[in-house]
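Both complexes shown next keep chain A, but they swap its partner, so chain B is in the first and chain C is in the second.
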Partner chain A sequence: MMKVTLAFAAAAIGVTAMAEPALAQANEQFLPSLVYRTGPYAPNGIPFANGVADYWTLLNERDGGINGVKISPEECETGYATDKGVECYERLKGKGPTGAGYFSPLSTGITFALTEKVPGDKIPLLTMGYGRSESRNGAVFPWNFIAVGSYWTAADVAIQHIAHELGGIDKLKGKKISLVYHDSPYGKEPIMALEERAKLNGFTFKGIPVTHPGVEQKSQWLAIRQDRPDYVLLWGWGVMNSTAIKEAAAVGYPREKMIGVWWSGAEPDVTPAGDQSKEYKALMLQHGAGKFKVHDDLQKFVLARGKSVAKDDYAQVLYNRGILNSMLGTEAIRTAMKKFGNKPMTGEQVRWGFENLDLSAARIKELGFEGMVGPIKLSCQDHQGADIARVQQWDGKEWKVISGNYKADLSILDPMVKDASAKYAADKKITPRDCSKES
Partner chain B sequence: MLYRETGQFKTSYAADMAIFPIRQDRIALGALLIFAFVGVPALDAFQVWPFGGEYLIRAILIPFLILSLAAVGLNTLTGYCGQLSLGSGAFMAIGAYSAYKFGTGVRIPLEIFTIDIPPLPVFWCILLGGLMAAFVGILFGVPSLRIKGLYLAVATLAAQFFFDWLFIRVKWFTNYTSSGSVVAPDLTFFGLYVNKPIERYMLCLIFVTVFALMAKNLVRGNIGRQWMAIRDMDIAAELMGIRPLYAKLTAFAISSFMIGVAGALWAFIYLGAWEPLAFNIDRSFQILFMVIIGGLGSILGSFLGAAFILVLPILLDQVPHALGIAVSVETVSLLVFMVTGALICWLLIVEPHGFARLWSTGKEKLRFWPYPY
Partner chain C sequence: MVAFGQFLEVFISGLLAGVLYSLVALGFVLIFKASGVFNFAQGSMVLLAGLALVRSLDWLVAKGFPVWAAIIAGLLFAAVIMAITAFLVERYVLGPLVNQDGLILFMSTIGVTFMIEGAAQMLFGSDVYPLALFPNDAWFLFDKAFDGGILVSKIDVWGGVIAAVLVAGLALFFQRTKTGRALRAVADDHAAAQSVGIPLDWIWFVVWLVAGLVALVAATVWGTKLGVQFSITFLALKALPVLIIGGFTSVPGAIVGGLIVGAGEKLAEAYLGPFIGGGIEYWFAYVLALVVLLARPQGLFGERIIERI
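Our next item is the complex of A and B:
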């Protein structure tokens, strides 16, 4: 028995040793995907990962890749843990003929750790709607692309929506707004922007932390019942979101006074709480759930051919965010190909592509994303490219858009980005690039 | 035949008290050290597979070395002195955050004067991180004079939760960053900028070698014998004139020092940017399991345990993909959980004393080979 086991183990190791180098593909663009399909954050990690994978499959099936260069994807399970994420990053960064095109870790903790590693490896990070808010400043963070929105944008838009509901920005004075947040860099990011707004608009801000993974929130919601804030902002992820909604219902806090960030506004966040989630609101990272023109193609080329990894999460909020994430990444590669030729791109070339990414309304319509996302233009100075968000409300069956687009107040946020990135540059002894000299 | 100390006569007291009394052990250790210090960099320089790319060094060897150091630290406390601790994660965190504070400058305004320490060189930061952890270790070791076994484990668990809380809540430790995540300063050692994976590896290797040899040396000496006497029966030890206060607290101090240094290395060299979650209770359990699987009371066991707990899941995770079997990542990661768990159970049934005992059984067998009786 023992010998058999040992022999088997030896054989397995031997085969691993032989198989490894044979996997390299000649003319393909390697795109890694850091996913979490297990653990407490899996309900939200799975639909996003499925969307990411399905859009790449769509490009391969419909167009034969990006400008004829096939995409070869590979997933690595991080379980939302930073050290596992770093291991996955090291595992995947050098694969394929040109290495990884870009990384999207979908975790603020992993983003923080990788931010320190990508400049050395020359691989861009696409952190759509999460990560370091100050990484908008491309002069200090050349490799981070916090496209479409940051937590500071989200916090600002949430306050604007509250003001709108109250009937004017001056009505915020004397109000109490609490933030129930995941006690990690993710949950703490918006605090600075909210404190700034609190000073400016005269409301009382209070942060209420929830320990990872967020299944235990009884005391926090009892505190809310005592304190009776006028609004509660929710910055949760995974099981924490549905737990928060259930606890809010348990202490009788009105769900319509709760506004979640765009990571707390998907189907897996509300459906577990059933009817208790009715009237709960959340921000949208521009797009919501539902089918758009790109979904016709997904249906035709991916789902109908049995190549989709999605199940009932198809066209849900986070699935759609996944395809949007892949669209931005692959469009950056396409932009880079215009300059460097139709071949697999290196991370450095993809970075150039991101920095020169210009998605006009016409191009977005052509891609089938009209209605999901507005025009985005990234530049050396601005790695975010958009400042708008909307608010949606859960009616018990689906998300309904209840507001127009709000634009984050850049007169508040820009100085914050400037200060925070300057501090980072000073700490790390980085000399910011001169963006007027970049081409 | 190969492994037999027959004929190796000890002709002096010094020879009798050598760290490695058997010649074969010395040769094996020497070969291993030469390989680690010369072979690995050479293989890396020539990019010999599997050293092509940085994966092996950055994602396997560096974390393995650092966690081995933490396991050696815990083993001096739990394995040699018999004091169960669940606070290793906290001591790592103390090492990491103290090193961070010393690396970015400490400023404490007091009423009469201000404590103002300019940013120190990274090397001293790491050692000071270890020292701070040692202080806290002594503090949390005091209950060990009154309570034992599982109760002590609970007391050290308190340390774990307290420091988790402290580093999340008290913003001074994170230099008031908005997100609570901190970034390690650049790694400059005596004017050398350490950035390449192989340089980082060498740095970890030097730390680990020095501390492992130090630990090996300590446990065979006066103090190590005191620890072991306390472990085996504290009342008897006390009657023989061993002071439990001194023995237990030195064990806590030295163990926490090494764990603190490991924490600083983990933060500075492996992660680069971290949050308190990197040192939560899971880390404590991980290190405790390394020590148990590797073998309590064995320095070698700490390394074997670290390899088993850290490296095996990573390798298992890649087996299906390397074999070309198409399975989804979630199936693989769940399988890894199950296989690793099953292996741990199997190992503990077959050899409850861990790899170290397996190794000494193997040595015993080698002595008799080829004529076992």
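Our next item is the complex of A and C:
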């Protein structure tokens, strides 16, 4: 009898022990994180992934999650490879009580592949500052959120800054501007906007591709040495950026005439080239490096408690972009909770949250992001919500902001978004939503 | 004249880049020549050697060691790491596979590649680590004859000098030393070499160690050029067409193959690229290799293998 009782007791304890995590998991919001902590792009992938993870930890530690719903994160290593990214997506999309809340692949290639899949699985894609530029049009791309800025925004702002340096938009006429780009969907994305600008402003545009991973650029820079463009725009990622700066130095191309996109403007892009990086410029996806009010909380609730995954990259450009990415995603979930209640959200509910995300200046201040990012308002039609960017310059030790905010010229970009998304809709046989009827 | 200057510049930089590919290709040749194994892990060995060197160097400099002492100690540490790798590969991968088919041995080196890549990044980190063992600026030659001169990178020239010294050293090692001759005997037939008393495990350890040291030399040059980081492993892919052209068993072939690939791909990128969209140098090297395969399957300097059926 004693044995039977003990057996029952043991079984009961076992069941309780098993049920507890299951119960806890049932009330948790599952958020996947596609990362690349190894491979050729790891130097850039790690700080971003660390920022993403630390902000989620902050919410869990400080607030007990999002409105009390704990975040349950899981990383999957993509190595920046599209096939691995799709594999990770398939593995994680159904996890947690409600499936994945949203995905942020940090890769335009993976974004292109997942754009085809997410409508079927009803999971939103947050592609902050990357991905398809035309996915701004929410009527055609209901599941893509290219929040804060697209590559067309970046290209337009880069040209505006060059015009500013030259002394006016009319001074662009007759100038030569080259684009050294990663030969991938990411690198090719700005070409259409730059060609449009070249046509309008009368400069000569030349695209110079560099094959993955970008360690061999000698012939490209020898061509630049011969061609002598007035400015070189850099659309690189990972080791391609520092290699480009080194090669530019080797052929004597002035670094102050180089402007990188915001994915070519972080610490891992300049420090490997040492002093050769001095005066190199890059766009900012609004924010840069440095500590803001949110970092006080990160320090108090994450770093001081030994729960941070960051190392030297804390408060660097890509770490800050990671926390910003997580803030946008979790605020979309919080917005969705207002409508659907404080419980784990499905992808479809999170999508509603994104489309109704309205981060006013006051809310951004409250979140501790004042100075990092301006107001962002997404809608059914507009999945980007902001059109501004700044320029920073590397002084050999740190990035210095050297411009105010430029606003991308929507009179040029809006028709491009409209045409490109209409073409996509026609190719994929998508009937665009009527946003006037969406609630 | 400008056009000729440009051609010369691209051609010379291509030749020098080719010599740097040869540095990696040499490691492949060594192991293939001595053991008949196509070592897919050579690129990851360059990464491991480079990371061991740069991380120990940084640590020692931070501890206040003079730079020259840190460089010597760093090189020694990296050499020890490569020796440990050679020992582990021989003991746990190749040793148990003695007398197996070449394809099985090749597959095992693919496994070794992943192990080394993972272990190297886990032990030493995944960042880009700058290395400055050689000057990284350029000379501008014949600036009176050509507008702006002909650009020649100093690091590429250093790579050329190092490759020349390496080839001479390896040629002596293979031709004039007892171990070198034993290596060649093992390459011909594992079982026959064993039957005449050549210790296979020792020979394989030596050859992997030498390949590891060649990888370390390649890492010093490539690390200075690019910073030590994961992309260095992609050099293995550059070495493949070099080997196909030069032949898998020829040390001079690796150099000549490198020169052909380097000059060919750079000229193709500069002159053919603009007409077909650019970014062609990666695959153009393989086109060159295919052409050679059609004409001489054993490569320009490789041994013609005739097997009785």
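Some notes on this structure:
Quick note on the criterion: the second predicted complex is superposed on the first by the 415 of 439 C-alpha atoms of A that agree within 3 Å, B and C clash if a C-alpha of one lies under 4 Å from a C-alpha of the other, contacts with A are read in each partner's own complex, and residues count from 1 in each chain.
The working rule: a contact is a pair of C-beta atoms (placed from the backbone, for glycine too) under 8 Å apart; a residue touches a chain by one contact, two chains touch by 3 or more.
Everything numeric here is computed off the predicted structure, so don't read it as measured data.
Per the definitions stated earlier, placing chain B and chain C onto a shared chain A by superposition produces a clash between them.
In the superposed pair of complexes, A:412 makes contact with neither chain B nor chain C. In the superposed pair of complexes, A:86 makes contact with chain B only, with no contact to chain C. After overlaying the two complexes on the shared chain, residue contacts for A:216 are found with chain C alone; chain B is out of touch. Look at A:198: by the touch rule set out above, it reaches neither chain B nor chain C.
In the superposition on chain A, A:435 makes contact with neither chain B nor chain C. Once the two complexes are overlaid on the shared chain, A:183 sits against chain B and chain C alike.
Once the two complexes are laid over each other on the shared chain, residue contacts for A:77 go to chain B alone; chain C is not touched.
In the superposed model, A:239 makes contact with chain C only, not with chain B.
Of the two partner chains placed by superposition, only chain B is touched by A:35; chain C is not. Clashing C-alpha atoms with chain C appear in just one stretch of chain B from the list 19-27, 271-279, 343-351 or 361-369: 343-351.
In the superposition on chain A, the residues of chain A contacted by chain B and by chain C overlap at 37-38, 42, 183, 209.
Across the interface of their complex, chain C is touched by residues 37-40, 42-43, 46, 183, 207-211, 213-216, 218-220, 222-223, 225-226, 238-239, 242-243, 246, 249-252, 268, 271-274, 276 of chain A. Interface residues of chain A facing chain B in the complex, by the touch rule stated above, are 12-13, 15-17, 19-21, 23, 35, 37-38, 42, 74-77, 79, 82-83, 86-87, 90-91, 94, 108-109, 112-113, 115-117, 120, 132-133, 183-186, 188-189, 191-192, 209, 212, 309, 420, 424, 427-429. Those residues of chain C that touch chain A in the shared complex are 2, 6, 9-10, 13-14, 17, 117-118, 121, 126-130, 132, 136-138, 148, 151, 153, 225-227, 229-232, 234, 238, 265-266, 269-270, 273, 277-279, 281-282. Within the complex formed with chain A, the chain B residues making contact are 49-50, 53-55, 58-59, 63, 104, 168, 178-181, 183-186, 195, 270-275, 277-278, 280, 314-315, 317-319, 321-324, 328-330, 332-334.
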